[in-house]
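Look at the two complexes coming up: chain A is in both, with chain B in one and chain C in the other.
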Partner chain A sequence: MENSLDQCIKCAECTVYCPVLKATDSYPGPKKAGPDGERLRLKDRVFFEDNLKMCLNCKRCEVVCPSGVKIADIIQRARHRHGRPIPGIRDMMLASTDLTGSLAVPFSGIINPVLKNGAVRAVLDCTLGIDRHCTLPEYAQETFESIFKKRFSRQQQSYPRKVNYFHGCYVNYNYPQLGSDFVKLMNALGFGVSLIRDERCCGVPLMSNGMFKQATRNAESNVNVLSGTEGPVIATSSTCLFTMRDEYPAVLGVDNSSIRERLTLAVKFIYESVSSGKVRLAFREGWKARAAYHVPCHMERLGWGIFTLELLGMIPGLELMELDSNCCGMAGTYGFKKENYGLSQQIGSALFSQISGRNPDFVICECETCKWQIEMSTGYKVLNPVSLLAEALDLKKTAKLNQPALP
Partner chain B sequence: MYDVEQYDVIVIGGGITGLGTARDCALRGLKVLLVERDDIASGASGRNHGLLHSGARYAVNDPESARECIRENKILKKIAPHCIEKTGGLFITLPEDEDEGYGLEYQKIFIDACKTSGIDAEAIDPVDALRMEPSVNPALMGAVKVPDGAVDPFKLCSANMYDALLHGTTILPYTEVTSVIREGCSVTGIETRNTHTGERASYRASVTVNAAGIWGHGIARMAGVKIEMCPTKGSLLIFAHRLNNVVINRCRKSSDGDILVPGDTVSVIGTTSTGISYDECDELKVTAEEVCTLMREGARLCPSITHTRVLRAYAGVRPLIKSAEDATGRNISRGIVCLDHSERDGLEGFITITGGKLMTYRLMAEIATDAVCRKLGVPATCKTHRAMLSDPLVPRHSESATDELICECERVTFDDVKWAVNHLGVQNLEDLRRRTRLGMGTCQGTKCIARAAEALARAKGNPEETRELIRRFVEERWKGMTSVGWGDSLREMEYMQKIWKGRYAETAEK
Partner chain C sequence: MMKFDTIIIGGGLAGMHTACRLQKSGQRTVVISKGISLHKPDFSEYRSLGGRILMGDSVIRGEFEGGNILAVYTENLGQNRLEADNFILASGKFLSGGLVADMEQIYEPLFGLDVEYDRDRNHWFAPFDEHQGFMSFGVKADELSRPFLNGRIIINLYAAGEILAGVDPTETDSVGKILAHTEAIADRILGNA
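So, the complex of A and B:
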């Protein structure tokens, strides 16, 4: 294990940028919870404090640390090592996206209206501790995997270039539209899409709910399955991608070196393909929109927000505003929980008021949990850049531009 | 005008031996005065390994010391559990030891010697050793499990001081002995000077005990007697975090850098052994050569030290009594020496207690106090082997949510500072550090020391000389860091320099 603990010179820069600490003083902050606390925990585990779960794992501390200390990793690993092993029913439900998703989709016609009902929300609030002000994501009528099989899978063989798509739970169970947009877009760019056989949840909701054992099992399974694939593995969700790329080794201790280089995000892949001249884009004429771009925390950590900005900057009819770098406060399922709801809203308040002030047609963001939070808290619609691109492009013309030259 | 007060016994030296002796005397009903020219535990008592020996290290070559150690080991675990971590210890055999005749055959001799001295020593499989202590060198061929442990020397000194105070002892820190009063052939008291105020005083006692460690040589000279000591410097390195939870030793003849001890939030590698002159005892420097030796040898015990930050280097002086011609001091017995100067030099009322080690301080105190009682004709017997050492509640990472945090690295709160000032005789920041670990953490006080100075002034109720306190503290920390100024320590030093040099230069200009 690398030893970033000793690199901390106690400058406390991380403390200044921690969004949780800005909103509450009941959290010790990244320096005290991370490197300071770790020295004490190495002495005796009694120094593990339960309030470490207040860390959003937004990684902003790591972005600003001038000494390269993996502060959030230290905190997550401590939770992994010392944390309470058995979460309650609510946390298990929120964490087990694969299980709840596959159970809920067949009954989405009933479940969605029920979850919107005020009385039901009040019951969930009292019994499970899911805050009544929250709008839980709706379930889809059909999973993306099943839609893909019916509508897309056959034609994918005709493309000479191939990519693998890690759709993630949200696309599969809640928002298959994004998956369909991605497939259409990639097809227009001349790539055939294959899904990953036996894809499992990346594990991020399991980790944030303290279920590290299950998360590790998922990670091992995903790495194993993905190492059997060839070519790029693309995700549309920045959170799934970040987890598989960086958290597997750093927090779960799962070696992903066999696949790490091939893991990428749709925006980065497309931007690189366009800028290297491998693919060409044709935009719809007369299309116009005003959008605000919110950089999710994990995109900040990756340093990849620039790819989205550059790629969307190519769209002629788009007026793009970059929002200040702020955490939305959702952090996966954190903001749904009754005990966190107020804090989560407070953390996100700067972002929410900036969005309302700019009044865009919609907000752009790669992360689904930011999307839930922003839609629920501001009423503005949030689009993944992939969907925006699919809408702004003239897909037919683009497909023609990218057709392989006939022999 | 001299303030002359009469005591049964005066103890010179506020190290562990002096404090232990003062406590033992007090428990036997004597009226005791202890004087210390600096703070308690400011000499070798605060500059050692913090190793609770099982005695195994001495079993082969010095069975007497080994027996003393295991006996005291068991006693301290009973009477001072709050100062001790029962970590257990390992004596490992490495492949390279074989070539020097310290292979697995020697391990058998070692175990037999341990058993003869009454030390539980059990050979364990290397795989089990690695399970017991994952940071141990995985190349090990064999390991012996022994009841070593860690003892917090600062806590132990504080506890002895606290207990002595509870039993009516007067303790005067920052009080230097300027002369030993002799009347004819007997010592009748001391003259002192307060090193802060310059105030002079004199004190009278029937017996004076010289427990000043290596500086006991000078005290003896003041009394007109001569003791030949062999000042031997031992250097150690502190790592920035705890690397091991079990003491790791080499199963071979004692050598440099062959013990890694976990203590509180850190691990300490040591020691070296170099003869020095008396003049050097007050200004100890850890040389680059010693640092290299400790890093090289330490890596054989625990390979991960090579990429672990070294917080600082420090050295202490062993108060060994000269015997054989041995320049290194390695082969001099670490045994206890108690000199009754009436028998030796015809000087009444004066006893020197020296030699020994932190581990055997209680026994040393017992021997010295027995001698005192013989002289005074007091029949009281020793109780320290069963009387629990009072817990002075030395604060360690005691933060609760509402507390005002002063030192973040070691989690020392304002309440801790206040407690230390009110109950543990803290006068300045260095004293505070020795009682609470404030400023001993990763940043070495860089971030907290201004806060600490303010807290100390507030707790004491007088905001005097804060600037000077800070300057002295930072300079002391800096000194220990210079010998290990590479990598992250160097970055920390640059940061420290930026903050403190800048701040002092700024106010100097104004």
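So, the complex of A and C:
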């Protein structure tokens, strides 16, 4: 890992653009918490401050830094190295998405209405510290993996071209609809989809709750399993993808070089397939919508928002507005916590008011946690670009265009 | 592959000013900006005009043919080729990395364009309160602001703002000069002049 802190010229551009610092003065800010603090921490651990956990890891500091300093990586690595958190039951629950998800899905019929109940929410607020204003994501009635097995897996063998799908916890336990949209879309484009055997949570909720040991275990397992696959590994969630591609080596120190080049995001993969002429699209006639695109922080860091804009720009009936690049304030599970709720809402306020000002039919965004925050704070529906594309395309016509030529 | 009318490298004062002007005139443009410049340009207006911004991205190489630049590749977009009819290089001077100085030479790191500077290193800098020679070094360009690569003009590349030789950002009227100059470049690209 290169010591990029020496590249810092102290211009403080990161400090100006830090969404946390805009909302509170109890956080030292990226320059002080990152490169400046690191100099001291290298000397003595005593300079480690617990308030580094206020960093949302949105990476906006790295995007605006004119000198290429990996500011947020420095902060996250310091938390990893020096932080000695003893996560409470709430943080463990929010972080262990695989465990809570598999326990909750079979009882989703009971759990969903219970979690919506005002009295229950007040109890959760007082006992666990999950803010009562928050709407927790609903659990699905059946996991995506089980739906895939029943409805999709058999026909996938008939496609000559194959992709691997990293669905992530949210698709599996909460929102299998997105996974189904992805499979239908890829099939129409002429690709068969395989799921990843023994896929584990990418680890991002574990990292943000300070559980770096468990996150590293997940990372090692995922890299190991993925290196046994062939062809592209596609995610629909920008956060899962970013974590596996960039945070495994930079924050967890897990070598992913054997798979990194094959990791991609659905919008990028589809855009590249269309622009290189490998795939053709046929859109539904008469379909019309007005949408606003919110670029999630990790998408901004990847620099891949342009793929979504260009891809959705091909839809004839879509009026697409690009929102200003702002953090929504949710940052995974941060915004659910009682102690962060107010700050999280304040961070997202610029985005919320721009959305209601534009009044779109819906918001487009690749990140599930932005989706929770925007839906709960503005009331506007949020769609992943994959779902929007699946809706705007004439899937039957598209499938015909992409049928392999018969020998 | 992505195709634009004009690709602007550098999202500072000169880059954003030209980009907004071209986008407003109906061109399809993209700005590739390594980080945010201290000028704090208004990205919001440019975005609402449909302009594309690659923020935090940098050009890693250009493709040249017969005195023209055809395409660039960036760090974040990998193998995706960004094509355009015209290109604007507005990557600034030393602070933003548009120019690099080492012990022997001053060079333009992106394409290796010809740079105008005093070969005698003793003339690069002066005592603190005097005029600093290095502030007016920059990329050599013809009267239409087109830079040279190994002595040959690049026909569809324009150098704008501080990267140009002779533009000294410490001069009091430098901002006005840069803006007037970028207007002239935009006019040329739009075929108004």
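Here is the rule we use: the second predicted complex is superposed on the first by the 406 of 407 C-alpha atoms of A that agree within 3 Å, B and C clash if a C-alpha of one lies under 4 Å from a C-alpha of the other, contacts with A are read in each partner's own complex, and residues count from 1 in each chain.
The criterion applied here is as follows: a contact is a pair of C-beta atoms (placed from the backbone, for glycine too) under 8 Å apart; a residue touches a chain by one contact, two chains touch by 3 or more.
As the structure is a computational prediction, the values presented were derived from the model and not from experiment.
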Exercise for the section: May I ask you to decide whether A:91 touches chain B, chain C, both, or neither, giving the answer as first, second, both or neither? Expected result: neither
Exercise for the section: Please work out whether A:43 is in contact with chain B alone, chain C alone, both, or neither, and reply first, second, both or neither. Expected result: first
Exercise for the section: Answer with first, second, both or neither: which of chain B and chain C does A:67 touch in the superposed model? Expected result: both
Exercise for the section: With the two complexes superposed on chain A, say which partner A:9 touches: chain B (first), chain C (second), both, or neither. Expected result: both
Exercise for the section: With the two complexes superposed on chain A, say which partner A:199 touches: chain B (first), chain C (second), both, or neither. Expected result: neither
Exercise for the section: Look at A:145 in the shared chain and tell me whether it touches chain B only, chain C only, both, or neither; answer first, second, both or neither. Expected result: neither
Practice task
Indicate the residue numbers of chain A shared between its chain B interface and its chain C interface, in ascending order.
Solution key: 9, 11, 67
Problem - Contact set on chain A toward chain C in their complex - result: 9, 11, 13, 17, 62-68, 272, 275-276, 300-304, 306, 309-310, 321-322, 324-325
Fill in the blank from the handout: In their shared complex, chain B is touched by residues of chain A numbered 3, 5-12, 26, 31-32, 35-36, 38-40, 42-43, 47, 67
Fill in the blank from the handout: Seen from chain C, its contact residues with chain A in the complex are 1-2, 30, 34-38, 43-44, 47-48, 50, 52, 54-57, 74-77, 80, 95-97
Handout entry: In the complex, chain B residues that touch chain A
Key = 240-242, 264-265, 304, 307-309, 397, 401, 408-409, 411, 441-443, 446-447, 488, 491-492, 495
